[in-house]
Structures are given as C-alpha cells and as structure tokens.
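Across the two complexes that follow, subunit A remains constant while its partner is subunit B and subsequently subunit C.
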Partner chain A sequence: MTESDADSVVEPGAEPVPASSDRATERNIAVSLVVSTLAALGLAMVYIGGGQAQAEGALLMVALGGLGVAVILWARLLVPGPEITDERGETGSPAEDAEAVEQNIEETLDDAPGEMGRRSVLRLFWVALGSLGLAALFPIRSLGPSPGRTLLTTAWKEGLRLIDQEGRLVRVDTLVVGGTLTVFPEGAEKAADAQAVLVRVAPGLIRPRPGREDWAPEGNIAYSKVCTHVGCPVGLYQEDSHELVCPCHQSTFDVLDGARPRFGPATRALPQLALDVDRDGFLVARGDFDQPVGPGFWNLG
Partner chain B sequence: MTAWRARLAVLLPLVGAGLLAVSAGAVQPAQAQLPPPGAAQAQVEAGRQLYLVACTSCHGARGEGGERGPTLVGAGAASAHYYLSTGRMPLNQTGVQPQRKPPIYSEGEIEELTAYVASLGPGPSQPHIDVSQGDLAEGYELFSNNCASCHSSAGIGGALGHAIYAPGLKPASTSQIAEAVRVGPGAMPVFGPETIDDHQLESIVRYVVYLKNPDDRGGYGLGHLGPLPEGFVAWVVGLMAMLGVARWIGTRD
Partner chain C sequence: MIKGTMRWLDDRLGTSSFTRKAMDKVFPDHWSFMIGEIAMYCLVILIVTGVYLTFFFVPASREVHYEGPYAPLKGVAMSAAFASTLDISFGVRSGLVMRQMHHWAALVFVAALVVHMCRVFFTGGFRRPRELNWLIGVTLLILSIANGFFGYSLLDDLLSGTGVRVAYSIALSVPVAGEWLAFLFFGGEFPNTEFITRFFVLHVLLLPALIVGLLTAHLAILWRQKHTQFKGPGRTETNIVGSRLWPSYTLKSIGLFLLVTAVLAGLAGLAQINPVWLYGPYDPAQAAAATTGSQPDWYVGWLDGALRIMPAWEFRGLGHTVANPFFPGMLLPGLTFVGLYLWPFVERRFTKDTAAHNLLDRPRDAPVRTALGAATLAFYGILTVAGGNDVLAAMFGVAPETITNMFRVLVFVLPMSVFFVTRSACRSLKGTNAHPTEGVVGHHLRRTAVGSYEEA
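== the complex of A and B ==
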C-alpha cells in the first residue's frame, strides 16, 4: 500500500466488531480446536488398536476439518474489517526516461569500437548455442541399450515342451475340445513375451494357412497371448464362435483362421506357435512364433 | 515260409483285431455316465415324459437335435442339470443368449429330466463338490488366471463379443458353478479334469462363494464394478463437497 492518503478508500459507516461477538467466536474456535485434538488422539488409538478404515477416515475428517473451521472462523469473524481499498497509482517510467533507455540500447548495439559491431556478435552467439544443442543430440541418442534382436524373438525354441502356469507339462490330450490354457516354454516360465494361449478345437474346423496343416496336433492350436495392438494378454476365449478377445480394446481374433483379427483395432494376426507331440505324448514347440510377438514397431518389416 | 508260419501270419492280425475291438469297447471316458441300472429306470421314463412335452420341438423326439436346437446325445447330466436348474432351459427367446430365470420345473422334475438326458449318451456327470475342502487362496489364484478375464475379478460378469456376456456369479449355487466349469456352456470354454482337477474345482467354487460376500475393506463396495463408480464418487461427491467448502470460505459478509 502506498502512503498517498488521497487514494485510500475507507467504507463509510464502517464500525469495529462488537466485543460480545468476539467472545462467542473465540469460544467456537476453541471448541473446534479441542474437537480436532480429540479426533486426532482417537485416530491414533484406533490405528494402534488394529485399525478400522471407516472410523479412521471419519476421525481424520473431523481432525482436519476442525482445524479448517477454526482458521476460517478466525479469518472471517475475528480479523477486523472493514475492507480498505487503496488505488494503485500510475505505473511505468516517465516518457523521457523510456526514450533515453531505448536510444542507449540502439547505440550500444550499432555504434561500437571495432569492426564487427554488437549485432554480428549477437548472431555469433546464436550460432554457438545452436551448435551446442546439435552436439547434445549425440549423447542423448546413447541413452539406453538398443533392443537389438530381442523384439524379434522370444524364448521359444524347437523341442521346448509346453508347461502351464503351475509348471505342469501339457499332454496332447490335457485339454478337452473347447478348452483353453495359458502355456509357457519349459525352462523360461518368467518370459512374459513368450506367453501363449493353447486352445483345443475339433480338428476338422481349423482352416490352416498353407504350410501350417500340421501345426495343430489333434486340434491343439497355440497362439501368442500378447495382443498385436498394444500388448494386453488375450485371455477371453469365446468357445462357441472360436474367437479370442482382448479385454483392453476388444480386438477379436479368429482361432480357426490363423488368429486373423475380425474386429477391433488390431491389424496383425496373433503369431502362431507350431506344435508337435513328442514320444511321451507331451506337446512341444517346433520353433519360435512365426512372427515377432506383440505390438508392431517401426522396423518390423 | 514254413506252413505254420504262414498260418500265424494270417491268424495273428485277426486275433490282434479282435483284442483291439474288445478293449476299445471296454474303455469308457472317465467322466462318462453309463445308463442307470433298472432301479432308476422309472426316473428316466418320467424324465422322458416331461421331455416329450416341452423339449422335442427344438431338441428332437429322441434328443438328436435339429435346426432349432443342438443334440443332447453326449450332453450328460452336468449339462442338463446346469441348464434346467438355472432356468436357462426352456428358452424364453431364441436367437439371444439363454438367460437365468426361475426354473419352471420342480427339483424332482429336474432330476428326472437330468436322468433322461444322461441316458441318451455318455457325457460329463454332475461333479461332487465339498466346498469346505477347497483352498481359498488356491481358488483365488485359479479364478484370477482362468475365470477373471471374462467374469471380472469380483465375479460380477462382463461383456464379450457378438452381443454375448459372461454372467455375474452371485446367483449361482455351488453345483451350478461346478457344472458350468465342466460343461462350458455357450461361449464359455470347457475346463476338463486335466486342466482343473476336482480339488482345484472345489477351491474355485469356494472362492466364488466367497465373492458373493467379499470383505470390502473400503466400506461400500459400489457394486464391485471397479474404477468407474469409484471415480464417479470421488469426482461428484468429493469434488462437489470441496467446491461447497471453498465457496463458504470465500463468501463475504
């Protein structure tokens, strides 16, 4: 506030707040603070005693609310009114000062001893800064290792047996027709990108792509469980229409038709895992998936 | 070749084929229900009478199925009991997913119809479930891995493709839950005993029963729908309350 009294405005007829109201307000403030204290102590005791979520929430509300009520009552009722308005005076320098400064800057930039002049030096300044920015791009590029070939392959290899989430081996007749199971490669149970969904359909229903006629022994057909849209696990198997549905964005893949997407945002079919049956009747993989798994990336090709 | 070797060369395949035929006939699938013995024949016959009244128009005179309904040969007691006790059969409307409704048959009639359908051909029998033998923690793991993707982690159901939904599990009885797992009705996959054995099934049933009244630590469960209603409550109730308080703070006398 400036000291120019001519600009101060005091509301006419303003009076100081009467004393009795002060006492009542002070008492209310004291009460709310005491209640807040008790609630905080109660909160501590409930917590120590084992905790109960709803009681703790209520006590916390009272403890914080009591503080808030006390502060607000103080600010609204105890702090003396009335409001005083002080007009802001004119800002900005006087005109002749502004012109003098402007001229000074111009002279500094143009009229200087030496051949180059301040403006060209300023340009050189920008050039130097820009070069530093360009140079910084190279260390930024070095952040983190390149994925290399890890995006293109998974842990599946020829001869690896299929296991389920409990680590049990999967036989060719483990699933009944219409059943589904999530499988992993034996020895690489933690490899999240290797997760596959095994589905058993009636063998005559499959319409295999050329060259894949023997990829599904006795109707056991395995696809990658990582959705080719954004990578959610495609776990919803609709048995009557033989479709795998992804829960995130509802991409729907036709199990009988090489898991081609029938609906939803996915555009690539789920990669298929070629299966075989080993001597003991267990299902084994014949190699990796036929395509890189998961969402597409820029050098997928 | 000597004479006896020549005779052996003819006899051996015949004997082998004969043995094969006998053994193939003797082996039954583990879950198959054989036609009941004569003492329960009355129940089958009573079921057949009920069947002839209400079921032949879609399922055929002998359960062979037709244009309007699938075959019941091989459906088994589990399937029949599931569909009849949940009231999904008889259908009240074709062309849409069968819906749970109060069954029109009494329990005795359901048993008779179940016996009749089971007699049509070998199929999954009704599972015997002792819920108290189930392990709740194991049931949680199995449910989350196998069931939650369609039925939601709280078992309240969810939408699937093609105007089909996975129903909420709250109204299901223990026998219906077990039967549904073994039968795989409609769009549901079939979980045979090789993927979920009988003890695991008991655990799953026990967990689903728990889900009917889960321990809602946060107070009101909001229908167990998840982040959507929770966000609604936080924004509408919480934020409105805060707006009200902010307004009160800023009010001038």
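== the complex of A and C ==
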C-alpha cells in the first residue's frame, strides 16, 4: 500500500494565503450562511402560507446555493491548496496470489468424483442449469395475450352505422364539403384501432381505384385514422390540397387518391373504409377496412 | 462526540484504518472530472423527489372524472394516473416544485451523463485498464434514457401517450418476433390498461435498482483504479496529482452537490417543464391540435428525428414485412449502443496500443478518434434538430418537405465535413503547443548588449 503520508510530496511553492483575505472569506461565508438561513425560513413560511411554486423554487435555490457557496469558500479557507502527489501503486495482484487462485479453482473442478468422470458430470450440470433457465422463461408468456388476429381486424362490420366521438349517428349530409369528422363503429366508440377519419369532398374529385367507385357516397370518404407509420392519429386535413397529414412525423396522404402516401416516412396508404347509406340516410360501413390498420409488422404480408 | 463515535465504530468494525487511508486519497483537480459528479448528484435528487412523488402518484389506467382545482379540465374523463398528476401539480402543496424538480433533474442527469461520456471519450479515458467502467457507463446511459422515457410516459397525458404509441409501434416493427415482443412488453394491443402499472414498476423499482447498483460498481472500480489525470509537469503514468479526499475534495464535492441542487430547485420553481394540464389526458383519437409542434424530452429527440427523416422505405417480400420504423427506431439505436460498447476494443485493434494509460490524451493527440467523436456528435445533433422539423418549418416559413429533405442530406454531409475539419484541426494543433485556455506558448527572447536576440 503506497497511500500513506510517507509517499506523498507537498509541492513546493504553495503560497500561504494572506490573513486579510482569510478575514474577507470568513465574512463571505457568514453572509452566505445568513442568506441561506433566511431563505430556508422564508421557504417554511411560504409553505405555511399555502405554497407558491415560483417562490418555493427560488427560495430553495437561495437556501441551497448559500450553503453551497459557504462550503466551497470554507474549503478554500481551510486548505490553501498545495497539490499533492501520490503514487498509484500496482493494481494487479502479486503473481503468486493469481496462480494460487487459478490452481485452486482448477483443482476443485478436476476433483469432481464418481465413475462417470468429471466431464460427464459437468455436462449434466450445464444441461440441468439450462433446463431450469428454459423453464424459468415460461412465466414471461403471462405478460400479454397472443397477438393472434388482433392486428389484422377491427370492430367494423358490414352494416354498422358510423358515430362520432359523442356517440351521435352520422348522416350522409352531416358534413359539408371540406369538413372532417372522427368516426367509430356504433357500439365500439372506444375502439382505438377502429377510429376513422371521415372527409367530405366534392364527389367528382375522387379518383377511385378500380372496384372502389361506390365506396364514397356523395363524397363522404373514410380512412383509418391510425397512421401507417407509427400509429399517431392522422388528424390534420388540408382542404386545399386534399391531404391528410400526421402531426407526429409529417406523413402526408392524398385523400382523393386512395390515401396513398405523398410525403414523409409512411410507406402504405391509409386503409379505406367502404361506406354506404342506409334507408334512413345514415352512413354505414360495408365491412372492415380494406387493409389491416396501423403500422407495419412482420406478418402483415 | 466525533471522537466517541469514531472509537465506537472502530471498536466494532475496524473502520479507522480504512478511513485514514481514504481521507488521504488523492483526487485530480481538473474541472472536467466534476461532470460525472453532477450526474451522480442529479441521481440523488431524482431519488429524493421521486420517492416523494410516489406517495401521491396513482399508477392506474382506470377512468376517473377530474374534480380537482384545475377548472379547464373539470369533469373530463381521464386515467387515474393523469388525474393524480394534476393533483400533484395543483392539489399537493409543494407537489409542483417536486414534480418539476424531478423532471429537470432527469433532463440534466442524462445531459451530464452524455457530457461525462464525451470527456472520457475525447481524452481516451476508456483505455486499459478502464474498459470495464466504460462498459458500465454505456449501460448506465441506456438505462437512464429508458427510465426517463418510462417516467415521462407514466403521466398518461396526450403527449406522453403519443410517445408510448410510437414506442409500441417500433416494438411491433421488429422482424419475426415484433408482434409478440410488443404484446408481452406492453401487455397487449395499444392502447390498453396494462402499461402504466408495468412502466411504474420499471420506473420506480427495477431500473433505479439497476442504475444504483451499476453506479456503485462504477465508483468502486474508480476508487480501486484511481482517477486518470491530464499530462503536465510532475504527472506521470505511475503517480496521481491533486488534492486529498479530506478535507479539500470532500468540501468541494459537498459544495458542488448543494449548488447542483440549487440550480435544479431554481429551474423547478422558475422554469415550467412539461405542463401536462395544457396537453390534456391521452386520447388515441386526438393528437392534431396538441401534438403539432410537440417534441419529446431532449434525450430521445434523435430517435424522433430519425423517424421523421427516414425515407418511405420498407422491406416487403416472402409474405413478410420489415416495417419502416424498424430501421430508425430499432436498428439505429442498436448500432449506436453496440458501437459505444465496442469502441475501446475497436480502437485498440486499430492503434495496436495495448498499454495501460493513466495519463489522458488531449483531444488533439488522437486526431482520428477526436474527429470520429465530433462527427458522431454532429450526426446525433442533426437528428435531434430534425426532430423539430415541423417547428423549424413554421419558424422559417418553409414547407416541411423542404426542411426534411435538407436534413436527409445534412445528416450525411455534416458529420463527414465535421470529421475532416476536426481531423485537420487536431493535426495542425498537435504540432503547436498552443493551449486554448492558457494562452499561446512561445519562447522568451532576450536582446543582448550587441543588439542580437537569444532565447532566454
């Protein structure tokens, strides 16, 4: 051990601090401590008086700061700072210790008795340990349900009426052209994966893909509101460009062109919800979305 | 009384011999060795304020209707977690200061970790014999970022809920196992009623225990190996120059603790942070208004930026999909941290330098290392700034597309330029003896009687 006093050297040339500066420092310490005490008492008063966040924070800062300054000044006062040089010494152990440890462990392992011999016993030990580790993994399965088909389907079914977030039914003329509304399937207004954004555009503008010509009665067109990038609600509708924009990462989807992505990190179009109008003029779904909703995953296909 | 206590303890534990040696232990005085301490003291504040907050926070997702003093949200349906956060902010006396101090301490904590890591990196402090502490340090950084994210997510406000949504989607994107991974970790399809309780246990129990445990190991190793030190007169590989643990270093360190806490308290009182009552409770169908121009806490900004500027590519084929967020959300952080873990060994491979080092490099002494570090910082810096592309677009009146495309170029061009500029700067500085803070080092000349000059 080389950390004893004998090995330390006080560097020459460390000047003793003059006495007058000592007195000034002492005075500064006293002032800091008084300020700190006053702030601490003030802090208690503020609390008693009902509390006030700004005052509490500021007073706590002054109380702690005063104390901190005092301690640092004290350090200067007590220790007029000569630099100390100390030897590091060796980190590694003496060779005989290292050898003794290695030998001891090896001998113990070599000593494993029995007719099967050390290797087989050792192998069995690892097999047992591995099996135990494997068995211990199973409770992890309890942490969540099986994904199953959860990610592939939503609550939408043929004939289900559209409702808004307040539970009101949506008619074919609820929205004016240019309007948007977040809709859910009737009876499942909490189903986050079923949320859709209903937009009304002038009917002639839509360029439907083949087979989708009658999915948007009177210009009412609905897409999944879950962004296909990382699932934020695609909430911004820019009426002049007919684009839906995701506010999280700026993926932009063309409402007139099957919500194909125009910009941003999203790679897939927003799934479309085929709409129809029932006898009473309410909008209904023709079925589930045409694609699984939300961000991509391995088994999406 | 001190004497009595010391004797009593020594009699039972034999502590005095150790204490005597410990008090004489020498610590280097350079300011840059304090950054890690700042991180440690932030952790102390995090634990103290965090314990206080757990007395009031309700980690449950059951729906309640808010009936507290904050009028704008009266009667609004929200999770018990969010309601209790409002209570801490408005109902519990001194609760808001504690909450804000906790949040600020977390922000400063991770910042101090990163700066501390930069100090160690740029001075070569990770070289033999200190590789172990580098590995522990990288692990501490990962755990701290993760724990910051879990804590941020607990509040179940509109912003944090959106963040959890993104994290879930990233988990989902992992090839082969993504669906199971997301369902097991988050407790089913998001949004669900499981994750708050789960994150709470991770945030207040598991990760803090790991962090404190690893920090203890970090410090024990530091104690055993002793600090590194900068080159200078009288400093060698075999000695250590500085001040003693007692009283000089102890007092300074206590002072630093008090001042760090003072700054955090000032921030907690005077600088509003994460005003969740303005965002409102999480609602999976609502984001537009509140999340436009919303950024996560700074230390995950680089991930958000990477998600934003990633081009719309993904892999689809053979009946399977490797979705777009996997690349910026999983692969990038994976490579980042693997790269950090491996750096000491990679460098040793290239430099063939297997010697033990107690004397630190100045950054210029290793131009390639320094240039790589600076380029890496530039890369993550650009990603972080790109996380605010919507804000920048609005600020400069440019289309978000333009800004995003600009970042897609900058994220490669800037780090490369930084690399070459830094490397050449280091190489030319290496030749001179100039020191940025100690002025220009020159030669003293003396004019002789005959009018010629000679070196003094």
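The rule is short, and it goes like this: the second predicted complex is superposed on the first by the 201 of 301 C-alpha atoms of A that agree within 3 Å, B and C clash if a C-alpha of one lies under 4 Å from a C-alpha of the other, contacts with A are read in each partner's own complex, and residues count from 1 in each chain.
Note that in this section a residue touches a chain if its C-beta (ideal position, glycine included) is under 8 Å from a C-beta of that chain, and two chains touch if they have at least 3 such contacts.
What you see is a predicted model; the values in this text were computed from it and never measured.
K.L.:
Taking the superposition as given, does A:181 touch the first partner, subunit B, the second, subunit C, both, or neither?
P.N.:
First partner only, subunit B.
K.L.:
Looking at the overlay, does A:145 come into contact with subunit B only (first), subunit C only (second), both, or neither?
P.N.:
second
K.L.:
Residues of subunit A touched: more by subunit B or subunit C?
P.N.:
C
K.L.:
What is the contact status of A:84 with respect to subunit B (first) and subunit C (second): first, second, both, or neither?
P.N.:
In the superposition, A:84 contacts subunit C only.
K.L.:
Is A:248 touching the first partner subunit B, the second partner subunit C, both, or neither of them?
P.N.:
The answer is second: A:248 touches subunit C but not subunit B.
K.L.:
Would you sort A:53 into first (subunit B), second (subunit C), both or neither based on which partner it touches?
P.N.:
In the superposition, A:53 touches subunit B and subunit C alike.
K.L.:
Applying the touch criterion given at the start, work out whether A:173 contacts subunit B, subunit C, both or neither, answering first, second, both or neither.
P.N.:
The first partner, subunit B, only.
K.L.:
I'd like to know which partner A:125 touches here: subunit B for first, subunit C for second, both or neither.
P.N.:
Neither partner.
K.L.:
Who does A:296 touch here: subunit B (first), subunit C (second), both, or neither?
P.N.:
Once the two structures are laid over each other on A, A:296 reaches subunit C alone.
K.L.:
Quick one: is A:225 in contact with subunit B, with subunit C, with both, or with neither? Answer first, second, both or neither.
P.N.:
In the superposition, A:225 touches subunit C alone.
K.L.:
Go through subunit A and flag every residue that touches subunit B in one model and subunit C in the other.
P.N.:
53-54, 68, 72, 81, 165, 182, 233, 235-236, 247, 250, 263
K.L.:
Which of the residues in subunit B end up touching subunit A in this complex?
P.N.:
My answer: residues 145, 149-150, 158, 160-162, 164, 184, 186-192, 194-195, 217-219, 245, 248-249, 253.
K.L.:
Which residues of subunit C touch subunit A in the complex?
P.N.:
Counting only subunit C, the residues touching subunit A are 21, 24-26, 29, 93-94, 96-97, 100-101, 129, 162, 165-166, 168-170, 172-180, 182-191, 194, 224-226, 234, 237-244, 247-248, 251-252, 254-259, 261-263, 265-270, 284-289, 291-292, 294, 304, 307-314, 316, 319-325, 328-329, 358, 389-390, 400-401, 404.
K.L.:
How about subunit A: which of its residues touch subunit B in the complex?
P.N.:
53-54, 68, 72, 76, 81, 164-165, 171, 173-182, 199, 233, 235-241, 243, 245, 247, 250, 252, 263
K.L.:
Quick one: in the complex, what on subunit A touches subunit C?
P.N.:
1, 3-5, 8, 11, 47, 50-51, 53-65, 67-69, 71-72, 74-75, 78-79, 81, 83-88, 91, 140-141, 143-147, 150-151, 165, 182, 184, 192-193, 195, 225, 229-233, 235-236, 247-251, 261, 263-267, 294-301
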